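Following are the structures in question.
First chain A sits with chain B, and in the next complex the same chain sits with chain C.
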Partner chain A sequence: MIRIKTYKPLRPGGKKRKRLALVFLLFLLTTQFLNVYGVQRFPKPEFESGYFQPETLQPAGRAEMLAIMDVFFLVLSLAIVTWLVLKKRSRTGVFWMSLASLAYFGFYRQGCVCSIGAIQNMTLALFDKSYVLPLSAIAFFILPLIVTLFFGRTFCAGVCPFGAMQDLVSFNPQKAGPKLNTVLGLIPYIYLGLAVLYAATGTDFIICRYDPFVGIFRFNASFGMFIFAGALLISGIFIARPYCRFLCPYGVLLNWVSRFSWKHLTITPAQCIQCRLCEDSCPYDAIDMPVTGKNPEIRTATLRKMILICLLIPFFTVLGGWTGSQLHETLAGVNGKVRLSRALLQPAQTTGQPESIEITAFKSSGKPVSQLYAETSLLLKKFYTGGWVLGCFLGLVFGITLAYRMVTTYKTDYTPNKGACFSCARCVDFCPVTLNNNTPKLT
Partner chain B sequence: MKNKIMLIGALTLLLTVVLFMAWDMFFNKPAEKANPYAYDLKSFKAGDTALNLYTEVEHFSPKMTVLHGIAVDQTDRIYLCGDDDVEIFDHTGKPEGGFAIHGMAGCIQVDPSGRIYLGIRDHVEIFDHSGRQLDTWKSIGDESVITSIAFSGKDVFVADAGSKVVLRVDPSGNILKKIGEKDPSRNIPGFIVPSPYFDLAASRNGELWVVNPGRHRFEKYNPEGDLLSTWGVSSMAMEGFCGCCNPTDFAMLSDDSFVTSEKAIERIKVYWPNGVFRGVVAGPDAFVEGTRGLDLAIDSKDRILVLDPEKKQIRIFALKTIK
Partner chain C sequence: MEEPENNPKFNRRKFFATGLRASFLLGIGGVAALVAKRSIAGGMVWQLDPAKCVQCGRCATNCVMAPSAVKCVHVYAMCGYCDLCGGYFKPETKTLTTAAENQLCPVNAIKRKFVEDPFFEYTIEEPLCIGCGKCVKGCGSFGNGSLQLQVRHNICVNCNHCSIARNCPSDAFSRLPASQPYLLRQVSVENQITAKTPGR
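Now for the complex of A and B:
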C-alpha cells in the first residue's frame, strides 16, 4: 500500500542551513586576508661572522600512520554517506556529513591528496616507472570509483570537500537547461584529457595548478587564486556545483562508472505516482523526465539516424585526432622544457625583455643546450602522439554526445540520471511517497 | 526574468574562469617574464618631488677614498675620518689639514672644547686639532664595534653596535652606565642591530636620542638609562622606515628636528622634534644605488652635511629659499 504524506514545499531546515553556510563563508573569507599584513624586510641583515644562512629544507612527507588514517576516514565517510543516501534517505544527514568531510579532507588534510588530483598521480605512475605512487593516492582514486560502481556517486554527495564547499553557497540555483548542460558538460572531458596528457608527459599537474579551493583550505590563496575561487563560488550561487558539473575531471570517471551502478538512489522509495513534485527539486538538472513515447518515430527515420550516428562518431574521432596532432606544438608549450628551449632559441635582444629566471637557472646548471634540445625533441614526439590520442578521445566524446542527443530514451517515471546525479538526496525530501511494510520495494 | 539575468551572469562568470584557465595554460608565458624574485626596489624608490624641502648647495671631495664619518665643530670646521686618516676642512670645504691615525676610524665627533674623538673598532682615541694624541681609552670589549659618539654635559655617550648597547662614560673613558640593555621590568625592549649602523645624538638641551634600527624607531633615554619616549613607524611609505635596519644615521637641527639617512632605499628625510614627517632632503635619485652609511652633520646655519661614501663627496644641503 502506498501512503501519501503532506507535501513540504521547502526542504526541512533549509533556511537554517543557508544561514549557517553564510556565517561559515564569511568566516572563511575573513581569514583569507590575514597574510596581507606581512611586511617585507630588505635587504638581508649584514650579520657578523659566525652566522650561517640555514639550508632550505623540504617538508617531510605525511607520516604513514596518518596516511592510513586518511584512507580509513575515506572508507568510513563513504560508508556513512552511502548508508545515509540509500538506507536512511536523509538529506540532512548527507549535509552534515559533507560538512564533516569539508572539515577533515578540506581544512585538516588541506585538500591533498584528493581523488580529483589522484588521476594525475595514477597517470604519471603508468608512464614514468621512476615515480613512486603513494598508496593513499591509489586508495583515493580507486575507492570512490568502486563505491560508485555499486551505489552511485555518494562520494560527490557527502565526501568530496569541493562539492561540500560549493553546496554551501548554492543559495539560489537556476536550471541551465539541457542544451547548455550538454555543451558545458564537454569541458570536463577536455580538462580530463589535458590533465592526463600533461601528467603522462611529466609536464605538470594542471588539476592541482588550477585547484580553486586548495588556497582557501590552506589559508594561503594568492590573489589570483582567491579571485578564481571567488568567481566559482559566486557563480555557484546561481549554478549549483559549477566545478563538479562543468569542470571536474574526476566527475567524468564517476559519471561513466555510475551509469552502471548496481543500486543507485531513487527519488521515490516505492512506485512513482507521477505527482511531479520532484520535477524541479534537483539543482543539478539530473532528473530524467518521463518520456512515454506516444508518437514513436518512423522506422526509416530511426534507421537514417542510426546510419548517421555510425558515420559521425568515427568521423569526429578521426577529425579530433588529426586536429590534436596538428596542435601538438601548442599543447607542448605548457611544458617547462619546451618553453625553455623556445626562449633559448629566441635571443634576448629580439624580445626586448630581461633574461628570465629559467634561462639564468639553466645557464648556471652547466647542462649543455644540445642535451636540452634533444630532450625537447623527444617531448614533442610524445606530444604528437598524445595530441592524436587526446583529439581522438575528445572527438569520440563529441560524437557520442551528439548521438545521445539524437536518440530518444523512453521512460515512464521520474528517475535520477545515473551519470549526472550526485546522490545528494535533495529530491528525496520532495517525494510524498513513503514506504510501509506492505509496499513492494523498487528494484 | 531576474533569475534569468542572474543565471546569465553566473554562466558568464563561469566561462570567464574557464577562459582564464585556458589563457593561463597556453598563452601566459612566464619564461619570458623577468625574475619575479629579483631584489628590485624601484617601485619603492619613486617619491614625490614636492616633498623635497632642501637643495644641494655645494659639494667637495676629500683626498680619502674610504669615508666613514663626518663631524662639525662649533666653528663649522668639518672633520672627516676614513682611510687611517683624519681630514679637516673649513666651512667652504677648503682643506685645513689632517693627520694619520693607526687603524680605521668608524666614527668621529668633536667636543665643545675642540677635542677630536675617534671610534676605532673597540676603543676611543682622542686627538687635538694638530693631530697630537691626547688620550686612548681602553677597549670596551672584544665584540665591540663603536659606531657613534655624542656629548651631553660632562658625559660621553658611545654607541656599541657589537654589544648592542649605549655606554655612558666619563671623560677618562670609565664606563658609568650601560643604556638600552633588554630589561622588561623597566620596559626596555633592547636594541636590535643587525648591521653595523647604530647612531645616537644629544639634542641641544642634552636629551639622548638613540636609533633602534631593527625596530625602525628612535628612543629617548635619560642618563640613568630610563626609556623616556619613542617615535618611528615601520612602513614602506615615505613617512616610515623600512628594511632590515633603518635609519642608519641621524643628526639634529637647532630646533631639535631629526635628519635621518637610510640604506636600501637611499634617502635623507627630516622630521619635526615630535617625530612627525616634515619633508625630504634628498631622495634615492640623488644617490648611487647601493649607497649605505650616509653619515650626517649639521653646521651652525642648519645646513645638512652628508658624507656620501659612494660618490666620495661631502655634499651640503640647505633649505630651499621661498621666492
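Now for the complex of A and C:
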C-alpha cells in the first residue's frame, strides 16, 4: 500500500487516436451498458503500437431451446411410463425408462430443475410479485400432478431421477410396519411446510439446499451432502426409497392427488382371487391387505369414535397453529436479513471478536440501518402468520393421520394403496391371474 | 374389484371422486395460471453485482461447481494497463516481475503481457481461476476496478437457488433474465470519452 502512494499514474500524452479503438468503443456502447460506474483512477492509455484491445467475453448460458427440450422430455417420459404401467403392465419397461430418466434428468440435467424443487419456485412466484419464474418450472410442477390425478404416481415410477436412483440400490427391502410408516410418513409434511414457508418469505430454497442426490449427479458433493446421500442410499438397501417415503415434499402432493386418481394401476389385471402371492411383493409396504368385516363394530362405538375425531382434528389444528406462531422467531432465524439485524443489535457483547463480514458488507453498502430494521420487522410479521399457517397445517395433518388409524375400511381384495403406491409395477408380476381367464397361470 | 353399476353407494362415491378430481384439476390449473403471467420461457440466471460485492472469498468456496462458476472477468475497456497492477502484484512486491511469489492470484491465473512502454495487458485464464476475488479486491482498491467477479454462464449449471447467493454477505446475487445475463460495471460514457480527449 505504501508503494502505491509513490506510484505516479502514467499519462499518455499527445497520442494518435486509433480508429479501431473508436469502433470498438462504439461496439461497447451498443452492447454492454448494464451498470454504469466510474472510478477511473488511471485513464485508459492510447496505444501507438496498433494494439487492439480484446473484447470482454460474455458467454451465454444454456439455450432457451434446451429448456423447451427438458419439458418435451418430461412429457414424453411421463407418457411412456404411464403407458408402460397401465397398458403394458411391464416392470421391465418401467425399469429401463427409469434408467433413461436417471440419465437425462439426473446426470445430464444434473437434477435441476426438478419437480420437487419447483414447489418453491411456484410458492415464491405466488408470494413475491417481482419474481419471474422459468416456464419450465411451472411445467415441472404441474405436469406430474396432472398425470398423477388421472393415472397414479407413474412419475415416481419412472420419471423422477431421485426415485430411480434409490430403486437401483434397494436390494433387500424389509417391511417397516404400519406404525413406523405412519410416524416417519409425517416428516414429508413438515419438510413441505417448511419449504413453503421459507420460499414464501424469500429466505431460501431448502429443498435444493438439502437435496441429497444432486451432489451425486454432479459428482462433486460436499462432505456433509456426501454423508447424507450415503446414509440415504445405504439405508435404501433395506428400506426401499427412503427419500420418497419419508422425506419427499412433492411426494406429499402426489400422494394426495393420487388418492383421487381416475385409473390407477391394479395388481391384478382382472379379479383378485386372494391367493396372497402379491402380499409381500411391494418393497414400499404400499399394498393394502384385505380387511373383512367379520365383526362389524357396534354403532355406538363407531359414533363415539367419530365424535372423538371431530373434536381431535380442530384441537390439533389450533394447538399446532399456536405452537407454530410461538416458534416464529426461531423459524425466522434462518433468514439472512433477520440474522443480520440481530447481529447489528448486539454489538456490545461480542467485543474482542472481529466484526463479521456480513456486518462489514452491510456498513459498506450504505443502506440505512432503519431500512434494514423495517424490512426485518415486516419479515417477522410474515413469519408470525406463516408460523400459524404452518402449525395449523401440521396439526391438521397429525389429526387426520390419527383419525385414519382409528377408522377401518373394509375391503376384500389386495389393492395398492393409491396414495403410497409409486406405480412401479413390481407387484404385477406376482399376480397369477391373467386377463383372459380368471384362473391362475400356475398351480 | 369391479362393483356393480347399480349400487347407489358406489355411484355416490364415483360422483364424489369425480368432483374432487375436477376441483384438484381446477386448483392445479388455477395456481399455474396465477404465476404463468410472470414466467418467461428462457428462464432466469444467477448473477452477482460487482458494485455490491465485497470480495469475501465465498464465491470460491460456496459454488456447487469445483472450481467455482464465478470467475474474474476483465473489462479491458476500464483497464489502465498499469505496470504496477494492484490486481496482479502482491502489495509488498519489490520487483515487478512475473515471478510466482509476486503474484496476488493464488493459482497464477492472470497472464501479464507487455504491450508497449509502459503498458501491460492482463488476461484471466478462466479455466484456472477459482473466483477467490483477491485480484478483484486489489484492482478495486488501487486501480480502476476493471477486474470484476461474474458468474460465467458457460460453467454455471444455474441451480434453482444459487448456493453462493445464500451465503453472500453483501446480498450481491440476484436472478437476471437469461437474455441479459451479465452485470459488469462499465466506466461511464463521458469518462471514457474524456480519458481519450487529451490525445486529440
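A few notes on this one:
Here is the rule we go by: the second predicted complex is superposed on the first by the 368 of 443 C-alpha atoms of A that agree within 3 Å, B and C clash if a C-alpha of one lies under 4 Å from a C-alpha of the other, contacts with A are read in each partner's own complex, and residues count from 1 in each chain.
The working rule: contacts are C-beta pairs under 8 Å (C-beta built on N, C-alpha and C of every residue); 3 or more make two chains touch, one makes a residue touch a chain.
Not measured: the values here are computed from a predicted model.
Contacts of A:Q110 after superposition: chain C is touched, whereas chain B is not reached. Of the two partner chains, chain B and chain C are each touched by A:T360. After overlaying the two complexes on the shared chain, residue contacts for A:K411 are found with chain C alone; chain B is out of touch.
By the touch criterion stated above, A:A231 is placed in contact with chain B alone, chain C being left untouched. Which of chain B and chain C touches more residues of chain A is settled by the count: it is C.
Of the two partner chains placed by superposition, A:A301 touches none, neither chain B nor chain C. The intersection of chain A residues touching chain B with those touching chain C, taken from the two complexes, comprises 39-48, 336, 356-358, 360. On the side of chain B, the complex with chain A involves touching residues 3-4, 6-7, 9-11, 13-14, 16-18, 20-21, 24-26, 29-39, 41, 162, 194-196, 234, 236, 242-245, 263-264. Contact residues on chain A toward chain C in their complex (touch as defined above): 1, 3-4, 7, 9-17, 24-25, 28-29, 32-49, 51, 53-62, 64, 67-68, 110, 112-113, 117-118, 120-122, 125-126, 129, 131-138, 141-142, 145-146, 149, 204-205, 208-209, 214-215, 218, 220, 257, 260-262, 266, 271-272, 336, 356-358, 360-362, 364-365, 411-413, 415.
Looking at the complex, you find that chain A touches chain B at residues 39-48, 172, 174, 176, 180, 184, 187, 194, 206, 210, 212, 228, 231-232, 234-239, 242, 246-247, 330, 333-334, 336, 339-340, 342-343, 351, 353-360. Of all residues in chain C, only 1-2, 17, 20-21, 24-25, 28-29, 31-32, 34-36, 38-45, 49-52, 54, 56, 64-66, 73-84, 86, 91-93, 115-116, 118-119, 121, 123, 142-145, 152-154, 156-161, 163, 166, 169-171, 175, 177-178, 180-189, 191-192, 195-196, 198-200 touch chain A in the complex they form.
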